[in-house]
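Presented sequentially are two complexes of chain A, the first with chain B as partner and the second with chain C.
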Partner chain A sequence: MSSVLIKNEASLGLKLVAPAVGIIGLLVVYPILFNLYLSFFDVQLNGNKTFVGLQNYQSLLSNPDYYHSVGVSVLYLIGTVIGTTVLGLAAAILMNQSFRFRNLARGLILLPYFAPVISVVFGWQFIFDPVNGIYNHMVVDVLHLTDTRENLIGNPDSALLVVILFDIWKHFPIAYLLFLAKLQSVPKDLYEAAAIDGQNAWGRFWHVTLPELRFVIATVVLLRVIWNLNRFEDVYLLAPNVETLPIFTYYQAFAGLVDQGTAATISVIQLLVLVALIWLYVRKVLKW
Partner chain B sequence: MTHCKSLTLGAVWATSSLLFSSLSQAAEIEFWTAQTQSDRLQNIELLASTFEALNDGVTVKVIGVDENEMATQMAAAVAAGTTPQLIEVNSEIIMALGEEGIVDTDTHQAVINDIGKQRFHAGALTTLTSPTGSYYGLPYHGWIQGIWYRKDWFDEKGLAAPNTWQNIKTAAKALTDKANNQYGILVGTKQDSYTEQVFTQLALSNNAAEFNAQGELIFNSPATLETIEFYKDLAQYNPPGPQNWRARDYYLQGKMGMFFYSTYIMDDLALAEVAKGSLSSENFAELTGGTFDPELVKNTAFAPIITHKSAASYGTLSGLVALKTADSEDQKATQDFIEFLYDPASYITFLHMAPGGMNPMLKGIAEDPVYLNDPNGVFKLYGADKMKQIVSGFDDIRSFSVVAGKTFPASGEIFAKSVIPRMIYDVTIQGKDPQAALDAAEAEMKAIMNE
Partner chain C sequence: MNKRTRLQSLLLYTLVISLVVFCVFPFLQILSTSLKHPIDWGNPSLIPRVLHLDAYKELLGLMPPKEADIPASIQRLLDNPALSAEKKQQLLAKFSSGGDVFPFGRYMLNTFAISFVTAICSTFLASLAAYAIARLRFPAQSLMANGVLFVYMVGGVLLMVPLYQMSVSVGLASSVGGTLLSLFLIYLIQTLPVAMYMLGNYFRTIPFSLEEAAMMDGCSRVEAFWRIIMPLSKPMLFTVFIYCFVIAWNEYLFASVFLKQYQDFHTLPLALQTLFTSKNAIWDRIMAASMLTLLPVIICFMLANRHLSGGLTDGGVKG
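Up next, the complex of A and B:
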């Protein structure tokens, strides 16, 4: 190719990419930078800003509640990521077998994922209501398993568990969907070869299925970590006393009058942590 | 042909200029109200439509915003430059917004001048006055809170009316039977404004305060600590877990002996239709919880005043707040709309949405025969004497914001940040040590005041 042609192609390429770069710059890069800028200010409602340097960071990092919510977030992440991945994998392997009404069953599994958060949350709250709920009615009045009524969602010790269970129930279908899609493309002869080598079902899973699914599993875990570190609505609607990082941010910054400086500070730290986590994960686990 | 063309152009020009002139006269009032129930919103819409019919070119857009969300929503609106012209919300939030410099105090002054300052209840106006003497809001309606209780159960067990700390505790203990899903009392333990309201009344009866007359923070005191400990004591008779104003449902179902509530409960107690509406959750329209007990209104008594070291009733005002706007047409229309809302005909229509719950802030309205003849007949059911007793708590409404006739707007910001409810939640639900929780709350209050 002549050098003129190469130059022309390059400039055409630039022109074609420019709108996308512009949009990303406007919608992604600019807010991040503005957020970073705001985190050094005390922002008032009428728009007045006072430069406070690192004060927002200092007061946040010296707040014991912040570390508490980091701890809650870590537990929430571990519980939900492992839970959805394992349950999604199990469901996908089950649904990859052939049986009658398989297509119907495959569809039904997706239902929790389709249902609007707000409606299922109220359903769960109704189930666990301490005075009128079905759970207490069954456990205390019908089955007589215990004498005392419990508020599983309200009690801070059990609330985290309920929130994790809710998230697993609500979001395992997306993991299931991704796993099932990949499972269907695993060549049958791999399993046949493993069977000839004398592998039982467990061995076939361990030596064929898992290596084949490796990248999908890694992707699911990555997506779940990103989503759940930032997940607000499920937790806040179901049990607002479970203070994961987004809920903590909400109480610090948006409950009552908005404190934009603090909010920006928290999200800057959260972004940095998330970027570091993902970088590590991509390098070490995905080996991209 | 050219003649014809210029004629058409002329007509277009004429219509468009007409259009523009009518646009320039058009004013829009966006009105945010804390009355989010659909029947109340319909009522307010009706008032708005009436006002529109009387005022050409003015549109009023009514939007219901949950009281707990009002401060946040306002902040978002200010940031986005879409501030409403008028809001109706409780006095704590009004004081917090007033300090943010977004409130149109000139319009408030103009309305007061037009209506006449002496026609307002003086205490109500004081509550919304800024430290410099301007008005952050206009008092519109108010309620008082007290303990509503099952008189028949109290009589059966020989219990005294729950008007002192000792009586409350004795009754709470006597009426609790958790094995049978029966509870003596409910005090708020969720991190919301109901908890703050219950706590405030008990704290005031123990002479605890946020500020002294010099404006110094005196929240961390033995009196406050004692109140927190008493509160924790009472919370053990609650249904399990964090609780809030849904206490009302448990009481209507006959599962609870006493609960703190405002005079808003009056129509729920008296009228089957209203009670049914309350019991069926807004999220489950088909769900009607339990049957209505027609004897409930007779078997219910009210203790508006709690006495420990001093007698305390607690109540709160809701006010109208005009927000600053650059558009003078909007400002004028907003002022007209506020004055329209104070006109006896529309005022009584508004107050009748919750007979007893919304009490008038203008003198003379309460004695108006039209006011006493509410469409549901609630005032008749209760009778004039009971009404008088209920409203008696209203003459001396106290709060943390007003000390010795002076207002402290910082208490509004403390309210908006839910410092007290979070403290109560930490103690009653998380099991945190009361003194440690109090220290933490005080530190937070100081941080808010220094901002």
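Up next, the complex of A and C:
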């Protein structure tokens, strides 16, 4: 290519990316830096700030509530990442079989992923409603496991379990799609060879499917961690009493005694963790 | 492969049905409760004893206005023939303006408008940028390709404080128009990286020889993009549009931060949350409102379903 063409191409390229990159720069990159700046200030809702140096970091790191919400976040991450990965894998293996109405079933299990959180949380609220809900009906009236109806979502400890279950329900379809795409590309003769070797279904899963899928599994796990670290709406709308880090940050920033400087500080720390995870993803997963 | 035994088939269908029921049950619960009369809520069956459509009628404004509850003393005043008709109207208005009417149609329209505009702008800007990143060579190209991925993974929660403070400091947060503009821009960045990522991966699957041939025939690069790539990408563009639309339709966090004080401009997620925590929290209305919020998403989903799975695994794995 002549140098004029290369120049033209470069200038066209820059023109085409300019609007998108401009918006992203203004509304993502700049705010990330601004957030770092804000974390050194006492910030009011109306924009007034006073410089406080490292005080936000000091008070945050000596605040037991912060560690509590870190703990809740970790439990939430462990539960949801394992849950979505395992269920996604199981669903993908199941939907890779041929059976009648397979396309219908494949479509239906994607629904939770697309549905607005705000709609489905009410369905879940009703299921666990102490007076009318099917959960208490089953546990108390049908199975007689306990005598008293319990408000599972009202109690933060049990609400965490409900929130994890809800997240698995809502987000396993994305893991399922990634697994299914990979499963469909696994060569059939690998299975046939394993069958000739006398492997049963379990053996074929263990010796063929799992090794073929190991990179996708790692991808799914890492992506789940990255997304769920920031997950706000699903938790807040279903059970605002489960204080994962994003919820804790939201309360600091916009509820009660508003302290936007501290909220910025939490975000800075969380972003550092996130950057490490994304770096891992780009360096390891995308290179595979 | 060998045929399944009867036992294996039974097991397979049992598992498939269990999985589908697990996925669909909350939706059935919402539909069922929205159609039940309050006396029927304790009934664990999903099938209502009587079909009760009042909640839908109320939300969609199809209910006849309720008879106002007028205290006896006021009634006596009204019966007084000395009172002018105009005065009577004013008095009546005080009691019949049921402050608890929930302007659902309005919220739906708000949400539709902002989601539609976001999705159009996002798809358009993303297709330009994605084409450049996928096909053209320019300085900082790979930085941008990786940057998109990074930005795509930074969640809104991490940006809520700085974005709020920015809109306060430039004065956008203090007017309705400015707030709506802020929200539109925020929705744009929530959808742009996803859209760029999905479209970039798609454009790479289109053979370059097609553009080359067009350019041989005298098309400029831009024309080749416009006449060859865009029409070939229609299904994917549509999928990306739907995806962005649904993200904006579902968004709650920023709507709650920015629109709190402008009730007329609430979007559905915000309005539903307000409805749920207000004195009007009645299950059938909540569920009917949920159902109506779900409906457009399900329609979008069915329209885009054919291309959705491929598009998502090609990179659109947000969420």
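Simple rule for what comes next: the second predicted complex is superposed on the first by the 232 of 288 C-alpha atoms of A that agree within 3 Å, B and C clash if a C-alpha of one lies under 4 Å from a C-alpha of the other, contacts with A are read in each partner's own complex, and residues count from 1 in each chain.
Following the convention adopted for this analysis, a contact is a pair of C-beta atoms (placed from the backbone, for glycine too) under 8 Å apart; a residue touches a chain by one contact, two chains touch by 3 or more.
Bear in mind that the values here come from a model prediction, so they are computed numbers and not experimental data.
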{"item": "Which of chain B and chain C A:V52 touches, first, second, both or neither", "value": "neither"}
{"item": "Residue contacts on chain A - larger count, chain B or chain C", "value": "C"}
{"item": "Partner chain(s) touched by A:N132 [first = chain B, second = chain C, both, neither]", "value": "both"}
{"item": "Contacts of A:A91 with chain B and chain C, given as first, second, both or neither", "value": "second"}
{"item": "Partner chain in contact with A:R149 - chain B first, chain C second, else both or neither", "value": "first"}
{"item": "Which of chain B and chain C A:N241 touches, first, second, both or neither", "value": "first"}
{"item": "Partner chain(s) touched by A:E9 [first = chain B, second = chain C, both, neither]", "value": "second"}
{"item": "Which superposed partner A:L111 touches (first chain B, second chain C, both, neither)", "value": "second"}
{"item": "Which of chain B and chain C A:D42 touches, first, second, both or neither", "value": "first"}
{"item": "Common ground on chain A, meaning residues reached by chain C in one complex and by chain B in the other", "value": "45-47, 119, 122, 126, 131-132, 254, 260"}
{"item": "Residues of chain B touching chain A in the complex", "value": "71-72, 75-76, 78-79, 96, 100-102, 178-179, 181, 183, 191, 239-243, 249-250, 253, 255, 281, 283-284, 289, 413, 415-418, 422, 425, 429-430, 447, 451"}
{"item": "Footprint of chain C on chain A - complex, ascending", "value": "6, 8-14, 16-17, 19-21, 23-24, 27-32, 34-35, 38, 43, 45-47, 91, 94-95, 97, 99, 105-120, 122-124, 126-127, 131-132, 134, 137-138, 169, 171, 173-174, 177-178, 180-181, 191, 195, 223, 226-227, 229-233, 236-237, 246, 249-250, 253-254, 260, 263-264, 267, 270-271, 274, 278, 281-282, 286"}
{"item": "Parts of chain C lying in touch with chain A, wherever the complex brings them together", "value": "1, 12-13, 15-16, 19-20, 22-27, 29-30, 33, 41-42, 44, 125-126, 128-129, 131-133, 136-139, 141, 144, 146-151, 153-166, 168-169, 185-186, 188-189, 192-193, 196, 221-222, 246, 249-250, 252-253, 257, 268-269, 272-273, 276, 283, 286-287, 290-291, 293-294, 297-298, 300-301, 305, 308-309, 312-313, 317-319"}
{"item": "Contacting residues of chain A [partner chain B, same complex]", "value": "42, 44-47, 59, 119, 122, 126, 130-132, 147-151, 153-156, 240-241, 251, 254-258, 260"}
